[in-house]
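Labels A, B, C and D are assigned to the chains in the order they are written; within every chain, residues are numbered from 1.
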Amino acid sequence: MIKIGIIGAGRIGKVHAKNIAMFVPEMKIKSIADPFMNEETEAFAARYGIEKTTKDANDLLNDPEIEAVLICSSTDTHSKYIIEAAKAGKHIFCEKPVDYDLAKVHEAIETAKHAGVKLQIGFCRRFDHNHRAVYDLVQSGKVGKVNIIKISSRDPEPPPVSYVKVSGGIFYDMMIHDFDMARFLAASEVTEVNAIGSVLVDPAIGEAGDVDTAIVTLKFESGALAVIDNSRKAVYGYDQRVEVFGSEGCAQNENDIPNTAVLSNSEGTTYGTAYKVMWDRYTGAFVAEMQAFADAVVNDKEAPVTGMDGLYPVLMAAAATKSLKEGRPVKISEVE
Amino acid sequence: MIKIGIIGAGRIGKVHAKNIAMFVPEMKIKSIADPFMNEETEAFAARYGIEKTTKDANDLLNDPEIEAVLICSSTDTHSKYIIEAAKAGKHIFCEKPVDYDLAKVHEAIETAKHAGVKLQIGFCRRFDHNHRAVYDLVQSGKVGKVNIIKISSRDPEPPPVSYVKVSGGIFYDMMIHDFDMARFLAASEVTEVNAIGSVLVDPAIGEAGDVDTAIVTLKFESGALAVIDNSRKAVYGYDQRVEVFGSEGCAQNENDIPNTAVLSNSEGTTYGTAYKVMWDRYTGAFVAEMQAFADAVVNDKEAPVTGMDGLYPVLMAAAATKSLKEGRPVKISEVE
Amino acid sequence: MIKIGIIGAGRIGKVHAKNIAMFVPEMKIKSIADPFMNEETEAFAARYGIEKTTKDANDLLNDPEIEAVLICSSTDTHSKYIIEAAKAGKHIFCEKPVDYDLAKVHEAIETAKHAGVKLQIGFCRRFDHNHRAVYDLVQSGKVGKVNIIKISSRDPEPPPVSYVKVSGGIFYDMMIHDFDMARFLAASEVTEVNAIGSVLVDPAIGEAGDVDTAIVTLKFESGALAVIDNSRKAVYGYDQRVEVFGSEGCAQNENDIPNTAVLSNSEGTTYGTAYKVMWDRYTGAFVAEMQAFADAVVNDKEAPVTGMDGLYPVLMAAAATKSLKEGRPVKISEVE
Amino acid sequence: MIKIGIIGAGRIGKVHAKNIAMFVPEMKIKSIADPFMNEETEAFAARYGIEKTTKDANDLLNDPEIEAVLICSSTDTHSKYIIEAAKAGKHIFCEKPVDYDLAKVHEAIETAKHAGVKLQIGFCRRFDHNHRAVYDLVQSGKVGKVNIIKISSRDPEPPPVSYVKVSGGIFYDMMIHDFDMARFLAASEVTEVNAIGSVLVDPAIGEAGDVDTAIVTLKFESGALAVIDNSRKAVYGYDQRVEVFGSEGCAQNENDIPNTAVLSNSEGTTYGTAYKVMWDRYTGAFVAEMQAFADAVVNDKEAPVTGMDGLYPVLMAAAATKSLKEGRPVKISEVE
C-alpha cells in the first residue's frame, strides 16, 4: 500500500479521496492540503481515515513517505504543482486541463518525464462504462478501420457566465472532454479542426464572447473524420453519446439513464429521465480512473492518460477557437 | 394463375380480397359471395377486378373454374362450407375458429383430408413479422431446447358485451390466438391447462359470465411450460409479445410501434404509442398469410396452418374454460 | 378519379405505378412511356391495369385525358419534361434531382409556376414513417427552438464507380437527400456549408475524383447548426437516422429494422439486421409520397415538396462540392 | 452515529460490512462475529475499521454499546438470533428467509414486536434501481389499478445439487424473492397459488426431488393476477424483469446490463451481455437496503421490509410446493 497526498480539497478532491478510501485498496491517503482548510474538510478527513490536513501543499510535497499526489487545485496552479511534485519524485495525477498556456504544459510534461514519475491527466470519461465499452469494441477490431466518429455532449445547464469568462470558453471547458474522447477512440492524431457556433441558449454567454452551441469537425491523420456537437443546455439532462463507424461495423452507446423502467400509457412508452448531476452520471468513471492510476503507480505501468494526452485536447481547443473566430478550418500545426 | 372465390364480404373478406389483388400475383379472384351483397361491395369488387358478385355461395362452389375458396363468413357456417368446398374439390382457406363444436371440426378436417384439398386456417399471427422472427430464431436452434414460453396479448378495448355473450368468452375469441401461438412456438402438444381469471375491466363482462383478465399456464409433452396473459383493455393499444426461453438463449420480441422516433424532454424519453387498430397492427401478417396459402396451393405444399392446427386451440380453450370454472388444472384428454 | 401518365418505366417508375394501382384510389394510370419499352413492361402494365404503353413520351403529353404526369426518366431529361408537361397543363411529379444545372432548374420551376400546375419533387424520405415522426415532433413545438440537427445516412454498398463518375459525386447523388432533410427539419434556409471528406471505402472512388466518406456542417439563417455524415458502405445495411435538438427537448429516431425480435445468448442481446435493399427500407415512404401528390392534385393543395425544395439541395450540393475542393466554408450565396 | 454488530462473516456479511463502512455514515460497525473467524476476516475487519472480531455472537449481543445487529449467519440460526437480539433490545436486520418453520418465524416476529425493536428482512430486490422504479411508478398511480403482474427471474447457473437438497427447493431458495416482489408490487395479499414445474436443466436436480424450471400463478385479494417464471439456468446471465399492467398503463423494466454500448455489424445489432455475478447485478440494491435500515433505526421509522414481509413469501413457497406436489391450486389459508 502506497501513501498519497491530495492537493486541493474542493469537490473533485473530495470525490477522489472518498473513492480511494472505499475502492482503491492499494492506496492510503496520508495528507490533504487546501489553502481554505476548514472544519468541514477536517471532519471529512477524519471520516475517511486521512491522517493529516494542512493549508500548505508543500507539507505534502516535502513528505518523503508520500509517493504520489493528486493535484485537484485550481487550473492556474496545475503546471506549477506538477513541476514541484515531479522534482520531489512523486507520481502525479492532475486534473484537466493541465494549463491553457501550451509552453507551461510542455514544461510540466518534460519535467515529469525527466523525473521518471507517472503523470496521469484527469480525463475521466475514458473510464466511463459506456464510453469504455465502445472503446473496447473498437480496440477489439470489431468495428474494423475507423471511418467516422460522432460525439454528442450536452450539459443540463450552462455554467455561470462569470465562469465562461475565465474558462477560455466552450472549447476549453466543455468540448475538451470530447476532443480527448475523439483522439482516444480514433487512435490517430487530429490534423485539422473546423468549428461553427451559435448563441442559442443564453445571450449573456454571447455577450461574454463565447458561443453556447457548437459543432466541430475533425480530420485525422488516418483519414478518419469526426464531428462533435455541444450544447450548454439540454432540458433532459446529461446527454453523452459516442459512435464509431468503421469498415466492419458501428459501435455506439446510448445516453445513460438511472434505471430501465418504462411506462406505457396512452401517451406512449416513456423511459426515465437522464442524469442531471454530473457526479451521479460519472460515479463509476471517477472510481475506475483512480483504480487505473493506482494500477499504473503500483505495477509500474504507463499512465492510461499521459501528459501528451493532456496536451492535445488543449491544442484542439486552441484550433477550434481560432477556427470559429476566423471562419475557416485551422490546422493543428498552426497552433502548435 | 388460379381463380378463387371468396365467401363472405365482411371486413376480413375484403381485407383478403384487397391483399390478393395487390400482393398475390398467383391468384385471381373471380367471385365474391355474401348474403348481404350491396352496392358498396359491388363497387369494391369492380375496383379490385373481381368479375362476379353474388348473394349465393353455391355460385362459387359450383363454378368449375374456381380452384380455391376463402371462407370468411360467420363462424357458424365455417364447417358447413369447408365440407361443401372440399366435396367440390376446392382448396380452402377458412377463418378461425373452424367451429366451437369439436365434432364438427373433426368432420370438416376429415372431409378435406378425404377430398385431398388443402385446408388452411386463418391464424394470421403466425405470419406477423415479429412473431415469425421469434419462431425463426427458435427453429434455427439458437434458443436450444424450449423450456419456457411467455405470451402477453392485450387488446385496446373490450368488444361489445353482446359479442362476449356469443363468442364463447375470452378463451375462445381472444386467447385462442395465443393458444395457437404457444403450440406453434413450442413445437409440442399441450397436455394440461390451468386458468385463472378476474373481472377487472368491465363488470358487465362479468355479468355476461366471462372474465376480462386471465392468466393461463400450459404444460407440454416436451416438459416445456408456458404462460399466457390476456387483458381486454390496454390503454396504450395493442400489446402483443412473445418470449421463448431455452437451453441456449432467449428469443423475444418487443411490442410493435408505428415508428422509431423518440422525444427526450424533462419528463423522460418517450416512444410513440402502440397501434390501436388491429388492421394496422397486423397489416403485413394478412398479406403474408395469403401469400402462404397461394404458395401451398400453387406449389402443392402442405398448408402452413392445418385443420389440426385449427382444432387444438379450440381444445385448449375448452380446457381453459373448464379449468376456470372448476378451479383446477384440466388435462386436454378430459375435453377431447 | 384523375388519369395520369408515367414517363420512364425503370425501377422507380414501376414502383410508383404499382403503388398508385394499389394505394391511391384517386388516380388511374392511363399510359406509361419508355423509349426501351419491352414485353416485360407491357406485361407489368397489363397486370396493373395500365391501358397504354408507348415508346414516346409525347403520346402522354399530348393526351388531353391525362391530367398529371410522373417524370421517372433519366435525370438529364427531367427539366425538359417538366417544361413540356407544364406547357401541356399537366400536374407534375418529378424524381430528384431536377437537374444539376441551376439555370435549368429555375426555368423548370418558373414554367410550372407560370402554367399554374403542381410540381412535386421526389424527396421520398420526407414521407418515411420515422423521419416524418421526428418532423411532426418538431412541428408540434415539443422540441422548442431548433438548435442542432444531426443526420447520419449510410448505404449498404457503394454504387458502381461508373455511376459515381456521372452522378456529380456523393453530395449530388447521396447527401442530397440529407440536404433536403436538414432544410425540412430546420424550417430555415442554409447560409453556409463546410465539407470534409475521405476515401476510406474504395480507392476507385477516389480515382474517379470523389470521396466515399463525408461530413458536412451547415449554418442556418435561424442560427441553428447541423451536421450530416455519409458513408458509401455500412456493412450492417441502411443506416438512416435524424436528430433534432432544441430548447425544449430532443427528437430523434433509431435506424429501422424489419422486426422487433431479439436473441439473448451468451454473446449478448442481438436485434435483427437492418434493411439492405432500399426499396424495402422505404416501402411506406414511396406510397405516402404518391398519396400526398394525389392529395395535392385532387384537392388543389400546395405540393408538399415544391420546385424550390428541389432547387435548394442542389445549391447545397454545389456548395459542399466547392467547400471540399477549396478546403474552406462556402456560403450558399457564392453558388447561387 | 450508532454502533452495530454483524453476526456471520460469510460473503453476505462482508458485503454489508463494506457497504456500511463506505456508504452509511450513520452507522459504525463495532464487532463482527463468526464461529470460523480467521486471519482473512480479521484483515478485512482491520481494513474497514471494525474494532473487534470474535467467534462468539454473544459478545455482540451482550455488548451494551451495540444498538443494532445484522444477522448474516446460516438460515437455521436466524430465528434464534432474532429472538436473542430482540431480548437484548437491539434493532435487527436479518437475511432472508427467517426460517422455513412457520412457528419459528412467528415467534421471532412476536419477540421483536414485544421488545419494540426494528426488524428488517433482507429482501434486497425491493431496493434494486430497476425494480424500485417500477414500484414507484405503480405507487404514483400512473399504472392505475393493478390487474396483472409478471415476473421473470432466471439465474445464470444452478446451485450445487447439495444445496438444493437442503434449501427447501426452488420455491424456498429462489422464487421466494419473486414472491416478495409480487406482494410488494401488488400491495395486496395472495389468496391462492398454482405451481407447475419441470426438470429441464439438470436431471440431478430432479433426482434431488426438485424442479429447475417453474411457473407459478397467484391470485390476490384485490382480484389482481400474477405469474412468476423461474429457471435455474439462463445462458445469458441474470435475467430479472418485472411488469405491472393496470387500468391506466403498464410499468415494466428491462433486464439490467452493464453498459449501453451496441455493435451493429452484418449479424445485427448486439447489446452487451447481462450480469453473470449476483453481487455485480445487485450492487446498488445492497447499499440502498442498508441505508434504509439505518434510516429506520436512526430516524425511528418502520422497517421497509417487516417481519411479516418475511413471513408471507415463506407461506407462498409452502403453498407452491404443495401445489406442485398435488397438481392443484393451493390456498394460502391451507398452509397458514
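Annotations for the structure displayed:
Just so we're on the same page, contacts are C-beta pairs under 8 Å (C-beta built on N, C-alpha and C of every residue); 3 or more make two chains touch, one makes a residue touch a chain.
Just so you know, these numbers come straight off a predicted model, no measurement behind them.
Over half of the residue numbers at the subunit A-subunit B interface are used by both copies of the sequence. A centroid comparison over C-alpha atoms places A as the chain most distant from subunit B. Taking each chain's centre as the average of its CA atoms, subunit A and subunit B sit 57 Å apart.
In terms of their C-alpha centroids, the spacing between subunit B and subunit D amounts to 42 Å. Shared interface positions of subunit A, i.e. residues touching 2 or more other chains, are given as 235-236, 239, 248-250, 255, 264-266, 272.
Across the interface of their complex, subunit D is touched by residues 21-22, 25, 47, 49, 129-130, 132-134, 136-137, 142-143, 248-256, 258-266, 272 of subunit A. On the side of subunit D, the complex with subunit B involves touching residues 144-145, 147-148, 150, 152, 154, 192, 194, 196-201, 213-215, 217, 219, 223-227, 229, 231, 233-236, 239, 243, 245, 247-250, 327-329. Partner subunit B is touched in their complex by these residues of subunit A: 235-236, 239, 255, 257, 264-274.
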